[in-house]
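Below you'll find a set of structures to go through.
Next come two complexes built around subunit A: one with subunit B, the other with subunit C.
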Partner chain A sequence: MDQNNSLPPYAQGLASPQGAMTPGIPIFSPMMPYGTGLTPQPIQNTNSLSILEEQQRQQQQQQQQQQQQQQQQQQQQQQAAVAAVQQSTSQQATQGPSGQTPQLFHSQTLTTAPLPGTTPLYPSPMTPMTPITPATPASESSGIVPQLQNIVSTVNLGCKLDLKTIALRARNAEYNPKRFAAVIMRIREPRTTALIFSSGKMVCTGAKSEEQSRLAARKYARVVQKLGFPAKFLDFKIQNMVGSCDVKFPIRLEGLVLTHQQFSSYEPELFPGLIYRMIKPRIVLLIFVSGKVVLTGAKVRAEIYEAFENIYPILKGFRKTT
Partner chain B sequence: MYCKFIGKCSESTSCDRVIDVGSEWRTFSNDKATKDPSRVGDSQNPLLSDGDLSTMIGKGTGAASFDEFGNSKYQNRRTMSSSDRAMMNAFKEITTMADRINLPRNIVDRTNNLFKQVYEQKSLKGRANDAIASACLYIACRQEGVPRTFKEICAVSRISKKEIGRCFKLILKALETSVDLITTGDFMSRFCSNLCLPKQVQMAATHIARKAVELDLVPGRSPISVAAAAIYMASQASAEKRTQKEIGDIAGVADVTIRQSYRLIYPRAPDLFPTDFKFDTPVDKLPQL
Partner chain C sequence: MAYQLYRNTTLGNSLQESLDELIQSQQITPQLALQVLLQFDKAINTALAQRVRNRVNFRGSLNTYRFCDNVWTFVLNDVEFREVTELIKVDKVKIVACDGKNTGSSTTE
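Entry: the complex of A and B
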């Protein structure tokens, strides 16, 4: 089951619409994939969710395998050597459509899985394993998935706008040119707020998922279009994603700031949480004594997940024992 | 005497290019009050400014230095060391701020050094010099082991706490240094003396705060708040009682904050006091709020 993680399990087709996931970097080397049934899935996500579903499928297949392994134990060991060669070559070729990959993994793990009860920590020597991420002990994944709380995106409507008419004619729009040079418009579904500038550029905030953000931006563009402006929908880009989660144990922030001095900033006088600036991926995490973690600064969902998987073993090391 | 030109020891008479680089020993002034009569230049720090070789011409005293209207003829007393005018101004400001809270010279020197490093790096050039100076003062106090709270620095500076905090983080990043975490004990002696509390109470408060942090009774609370609550508990158990408002004024903490932290440490009060503490008010009679 470890072979799944040593290569990008998602082909090009699975990349989220906003741009590729960081290429070549697998979602972390966990033994247990995401979505083990503990985590509520986001509402209606098309692309990035498929990875979770795929890993769920893989996990179910592995559970089936382990039952079959007891019968086919010796055969597997004989085929191990043969399959290892096949596996390394086929892994490099597995950039193909997503539909094939689960099957391939299925067959590979059947043949090369070792004795039940001993999960290998690392794949066979044939497998190229490129640990790009910091060396974490090969322990289980957290099983916790950060939930997205806010998505900020921008879009260009492609035409100059007259903010006064928009403010006068649109519902739920406020405009105070002395205070701020944009119209602030709100819609109820998805619950979001948009700042619409006279240049035609718009910022949409408050959505809980990438699709919702895009949908909301389209709705605002529609409103502007109905008001008579030739609005288009150019360069939709997600600028920032904020996620949060709970590790469910208290954390010793003083210890964390001592060991990770170059990344952390903990000033109780200024802010009660520790500000951890992770270099790779470039995410800022706010870590609190209660165990709640806020992750921000991501352009794609995978960065949030990756950052959390990076920080989780570190936080476990600073768990409060009392 | 070692002659640096001919490279060996020589007597002063044999080498006519010997220059005595010692201090000027002749003095022409009559007053004996000058501390260093052989000094010919200003005693300003050549380490901090760019070498201090400028000369200031003082106001004339005789009749010849004034023209017919009574204005002094030679007016130029300023514009020397124009390259570091801003830095000199900042040093002056730092000295003023430090003077207000009676900081010793070593902290002021450290602050000046930090400011010079930050100024030369130019990474924080856009920020107000006063903000940088205040943040440097804060860092210097921390580095010398006698931290001052942001609010204390705010009280002697015109810059807001928010801006000082921002500059503080930027300077740490620019100079690639870090500072130790503040602890409750750092502030005890200062707060207690400002409240005129006896040494026994101060020691008790220090002990209470330390124990409270060790027993993790106050997770996530600022050490200043915990210290203030500990001082409140210790003072209320002794003869020298202080109100929450008084302690809040000195520590820069709101009295509701003291109340919150006090509520957290109150249940374990008997365990927190030092064993040799003389109770004026017994533990069970401590105010409960």
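Entry: the complex of A and C
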């Protein structure tokens, strides 16, 4: 009867704060210090009590090693603490009659590894608090938030449309079939433009936020509906989002294209901005000498923010000093 | 085939009303009235193109617009028509505009 059923016995030690890089996953972490007893042990017996004793012994060994590895494992502690607290509480729940509740383990988790994002009540003197930024451990965020400038979305109205009827009866509509096979309609609030095709599909452009884009698309659908067509609102999807911001310092584009040539293309005779094609997230950035940056190609807002956070330290490195 | 655009003007409407009266009193046939109107279209188009030289500026706020069959229809609000000599203010004006190069024969009014 294995009461510690959250993890196999050999991985119990890995669930503790110092022992694993990711919470709860029984991996053989390369970070594991030798000789602490954290290397996976063969299963000696399935008696939960003895496993618990072994676990406590391992933890005491870990504490002795803790001061040597604090800086490196601070993040891992905090990440593992979430799982560890969960596991310790679940382990406590499954202890039952056994009087050996892992008090040491529990209190240790609480004081040295607070949940991410919260400041602990009793800051441990041993472990300095650093925010969890796994991608760029040493730098802080830029403090600049890109503003969304344009959202392009599509929706299917689900029925064939007679564009001439729509153009003749709706307000603020243009229809020139010789030039373009869609009705171009505009509304003032949110200020957007829609391309409405005879298949019933529609493109909505110009909104400044995802919610506005959806609202505008619904307004166009309502216009079409009021003209007598059985319009529905199927498969609304945001196809592209454009954001812009200003880093507030001039940038050496020549330097940037030299070091990041696999991502950048800079032809000042063609276009004054450097075109940076970021791989992850897949965003295209137009970077200008003035420090203004345009980000496009995002399907979600987070991609714009992530791309900017990625490029900002790079741009800081190419700040013009004159 | 000139634009029949100008039939719905003060001049064009007066003509149409007169023609209708003549038809009522059996003095002309409807076919003849149609021919008169077609001639009117030609005449008014050439007259405006050749005999009118003055220029008027206007400015207002756009309420609605439409473009269909190569015809623009605008509705403006609070418009000022400005000519060198005088100024006219209007609350609402509807503008129907056809292509000036006369590329297509328009049957819409």
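Things worth noting here:
As a working rule, the second predicted complex is superposed on the first by the 185 of 322 C-alpha atoms of A that agree within 3 Å, B and C clash if a C-alpha of one lies under 4 Å from a C-alpha of the other, contacts with A are read in each partner's own complex, and residues count from 1 in each chain.
We adopt the following convention: a residue touches a chain if its C-beta (ideal position, glycine included) is under 8 Å from a C-beta of that chain, and two chains touch if they have at least 3 such contacts.
On a predicted model such as this, the values are computed, not experimentally measured, just so you know.
Following the overlay on subunit A, a side-by-side fit with no clash is recorded for the pair subunit B and subunit C. Applying the stated contact rule after C-alpha superposition, one finds that A:A181 touches neither subunit B nor subunit C.
Judged by the touch definition given at the top, the superposed model places A:K164 against subunit C, while subunit B stays out of reach. Taking subunit A as the reference, the larger set of touched residues comes from B, when subunit B and subunit C are compared.
Applying the stated contact rule after C-alpha superposition, one finds that A:A173 touches subunit C and leaves subunit B untouched.
When both complexes are overlaid on chain A, the residue A:Q261 reaches subunit B alone and has no touch with subunit C. Annotation: superposed on chain A, subunit B and subunit C show a minimal Cα-Cα gap of 30 Å. Once both structures are placed on chain A, no subunit A residue is touched by subunit B and, in the other complex, by subunit C. Contact residues of subunit A toward subunit B in the complex are 250, 254, 257-258, 261-262, 265-270, 272, 288-290, 320, 322.
Within the complex, the subunit A residues that touch subunit C are 164, 167-168, 170-176. The touching residues of subunit C, when paired with subunit A in their complex, are 64-68, 70. Interface residues of subunit B facing subunit A in the complex, by the touch rule stated above, are 149-150, 165, 168-169, 172, 178, 181-182, 215-216, 219-224.
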